[in-house]
């Protein structure tokens, strides 16, 4: 079994599905959707297998595949998973699979849609399994193009046009990646100059970067922080997030809010922090302040929204603030919380967006004043909505509570008063989440929605998959935390020396 | 003694070339410009003689004064109609152009004047045509052939370009 | 059997939870099956907790050493959270009481909720509610307790908003959740601080560590922690100023009101403070805060209750007031008296809520007490059980409320809080008055000809009878002459209050006076003209009281003006400053730059040639006058 | 000094001619005039080539040879250029370069 390239299979399954779809006549909607579902299902099943087959006691990178690629640049096609990337991989596939079903009713050029969706999923997965910075960036760029096309063709125009939304999303991603690229190239040059042997793998870079001066680490980290931060919708680089999600089709919102955003957090931990701990230590207070700003600010902004997608858009900015705060705490508990919270938020946001997608599909509106009383007409939809809303406000027993708790523990310890502001975010979150729920689902049923059909059949898959994870992850948090912990502890062990010594500034 | 005659010839020819070239640029009638161009080309042929390049002088007169000028005149005939008095005017970036040209002249003149050129070790051999023929048909035979092909291609291209495109015309009408 | 129950006490919350799952996923289409599942769950839980309680209360070893077993929930270096069960007299009493009262309420609900379209869903919710509350009671870990605490909040949200198509219900549910959430924020901060300072949230470990808190932290921090922790109970137990959600919670079905107000949710706060008594015990300041909050809330809510017209609303304010008593008792240091009152209150308040539900059921949800009257003739069982409840809450011996209330008054006096004692005593008078006002208006006097009441079915009246019996004899476990209660339920060491006959007599006199006043105003005076005249004369006070001191309005104003205004401001800032000026501004700037540079792009060849030659010139100058090294710097690539 | 004609003399002459041609190229409206001026510039180059051939490498004749090539290319260029101008004229009825700003888009 060891020789079976399971990660590569996970990565390629959607691609194969996409290729098959390309040969299916465009009228065969059902067949196309089934192929897409099958492709993503293979990935999901295999990543579940990997998740549970991963040996936590052993830790480190497992299921490794390594093929030398560009010798001069030290690039290897290096795949592997550890406790940090595995939850993200699983998250991607859970959401990817659900996203296919959340788009089950796409009947406008479905073949193109699902091909792009599959490529998008592959791209996102790739960033999480890549253990080589070059490959990471490659997959990251793969992600951008399908996103743009998906938004401008299948998006929806509300406050902003879908073209604007797609453009904003893409440009933001690209600006972020441009800064990132500068940082990466500079880092590469510096490390090559230091060691003489080019090596683009994370571990190799980290080893080589130990020799960098504090100053170098600091400005390189700043570049990466900007790159990953804008991807993570770090305040004040967040404004693509609400508009982008509002313009994007359901599946893209799900994937984007669910996992793509997490590439930012993942990169921040896996690359920026791991390779440049001294820089991280220097910038940690800034990250914390920006994170707290994001939490409070976005939560308040979400309170003023009337479009459901905008609420979730701002809410995801707010939740990413917690991740930043956790990263800034620079301790084991915080990083555990950060990764787990990304997982939790991914599940929750995806469920939220899929639910909103269905509501929009059925009622043709996302404008809260036009909605109301849906709980009577579409009870299952209401269940999904409430599950997501409750997870969003961090209800214990659902997946997001324990991660938030650990983040609070870590950040409260390090930042005290600042963390209190962030924790107060849970009140505002409750306020907007419940308001949205109350005004959409409850109250007197509206006669115009009497004929609505509740979600059923394939439409139930997102609720079933994501809802199960939401509850199971909440009741048995060790399933996530043991895994994350097995990745965080060795990482912290490697950089703890630098965290203590550095920061002479 | 011969140096003086060479010098006189040079200055006369140079003056003719510069003046006629200036007239080419300055005159408002394009036909006049072309005529002065011919003058310029012929003087250039003379200048080549002072440089011991008699074959080149002949080529210059034949090709430039003989062929190019005539071709341009034909071109003008095909294009310009009506009043020829103001067919060759300056555009609105004349002053800027003059500035750039002045700069070019200053730089080139300065460089030409200050560069210490080596003096010739010996005179130019008499048999220029033979000498040219020798290298042209031995060492530079491929460029020579390429030039021939180039001319052919240019000829064909020119015909193709200048030919009236019937279909397009019909379409335009 | 008993051993089994003791070592499988986790079944207590698990059984209702399983009932919840079973109803949601399997039995939902069959209402009766769902109800039976729920009842089976809670009764099973009751049996286990009764056995466990029996096991605990027959083994004095439990007084010293609680039975704890736990499994790891999640862990990482520096943070380990276990979930488990802690059985000691307090939790045993709690699960016994909760499961008993809940069982009766569940049975009652079968009758009350009959014909409701959401019958099955209702039973799934209440099962989850019971499960959460029982989990809260037997948690061995504060975080586990917090989880249950929040789940209780969730269930109350779902149940208050059960008739979610009604806007009032929807808003009340939201209000309940958010009010509690604000309080939970404080509690969470307290928990975090404890976790950070002491490195554990395990109750047993914490109690040991906090006893020697000097090793870990300062007195100031500990006080802060205690105050933060107390914010949670303020919200959940409806203490001033976060009591506003409780009366609105009446929008839920009546069994829910009973469940929320009597035995479960609102006393969770009291229970939490009791559970963390080791913390409060160390900081007298926080204790004072608890006592003052409790005493003030008791009086405050009682004054509101005397003017209210809706039957369940009066009961709700009464609950707030009674919880105030419990807090007061905790604050003056007597966990015994506090939990004793909680115990008796659970019975008589559940009884009264269910009685009120029975009345509403009969009157088709007409809730104004002024429109009722003489119901006791048509609904004798409901009426007389309600009267028992009234006697119990007023504090007439030998009913349950007398013993507990008397003990609270006694300990308050004993601890030297004279002002609070006076407030509490006055509250006792008010309690008797408003409760009997309710009883006289509802059950006695002339019948309203518009009403056609009928006695409720046996499935509803039997729980009433059961609760009435408990309300009568439930207090006998803790009389001053037979203090079984204080031998088992205590903090630190058993504290036996000497019977204070003056207090006893005084409280009975006050209660009797209250009842007599109500009798005069609302029974003897058939036209109620004196009551009306009184209200007329003190119109201002009456209006303020009737409008609950306008606290709801203030909150509403704050919420809609300040919070929403701020939100709007943030949003506008986001759209117009962050997005407008910075993001789109950058975009515009780029466009403008492009427009500017585009002017140079004339499209005219000669223009380009001009610039091109300038460039050539520059290169020539560079190469000619500065040498190749400088040139290569700019032109690049030259080696 | 004036009497001995050195390479520098030819260089200056060539520069003058080149400048005049350049001026014409940059400043004339008529496309044909521009074409003519390009010829002037090419001739300036030829002067240089031949002069350098005489003064620096008299025996090699490469300068003269290149001049011949230049003349060849120039002839071809004039042919094609004129043809293009005629084609443009036919479409636009103008040889005024100011009218031709299609490169703008």
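Note that the chains are named A, B, C and D in the order they appear, and that numbering of residues resets to 1 at the start of each chain.
Keep this in mind: contacts are C-beta pairs under 8 Å (C-beta built on N, C-alpha and C of every residue); 3 or more make two chains touch, one makes a residue touch a chain.
Listed by chain with UniProt protein names: A = NADH-quinone oxidoreductase subunit M; B = NADH-quinone oxidoreductase subunit J; C = NADH-quinone oxidoreductase subunit L; D = NADH-quinone oxidoreductase subunit K.
Everything numeric here is computed off the predicted structure, so don't read it as measured data.
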| item | value |
| --- | --- |
| Other chains in touch with both chain A and chain B | C |
| Remotest chain, chain A as reference, centres from CA atoms | B |
| More contacts between chains, B-D or A-C | B-D |
| Distance from chain C to chain A - Cα centre to Cα centre, in angstrom | 35 |
| Rounded Å distance between chain B and chain D, as computed from the means of their C-alpha atoms | 6 |
| Whole-Å separation of chain centres (CA-atom averages), chain C against chain D | 95 |
| Whole-Å gap separating chain A and chain D, where each centre is the average of the chain's CA atoms | 64 |
| Overlap residues in chain A, where contacts from two or more other chains coincide | none |
| Two or more partner chains touched - positions in chain B | 91, 93, 96-97, 100, 104 |
| Sequence positions of chain D contacting 2 or more other chains | 22, 26-27, 97-98 |
| Complete list of chain pairs which touch one another | A-C, B-C, B-D, C-D |
| Contact footprint of chain D on chain C as seen in their complex | 601-606, 608-610, 613 |
| Contacting residues of chain A [partner chain C, same complex] | 168, 171, 236, 238-240, 243, 297, 300-305, 331-333, 336, 373, 375-376, 390, 393, 395-397, 401-402, 405-406, 408-409, 412-413, 420, 423-424, 426-427, 430-431, 434-435, 438, 441-445, 477-478, 480-482, 485, 488-489 |
| Chain B - residues contacting chain C, complex | 91, 93, 96-97, 100, 103-104, 107, 111 |
| Interfacial residue positions of chain D with respect to chain B in the complex | 2-24, 26-30, 32-33, 35-37, 39-40, 43, 46-47, 50-51, 53-56, 58-62, 64-65, 67-69, 71-80, 82-87, 89-90, 95, 97-98 |
| Residue numbers on chain D that touch chain C, as the complex places them | 22, 25-27, 34, 97-98, 100-105 |
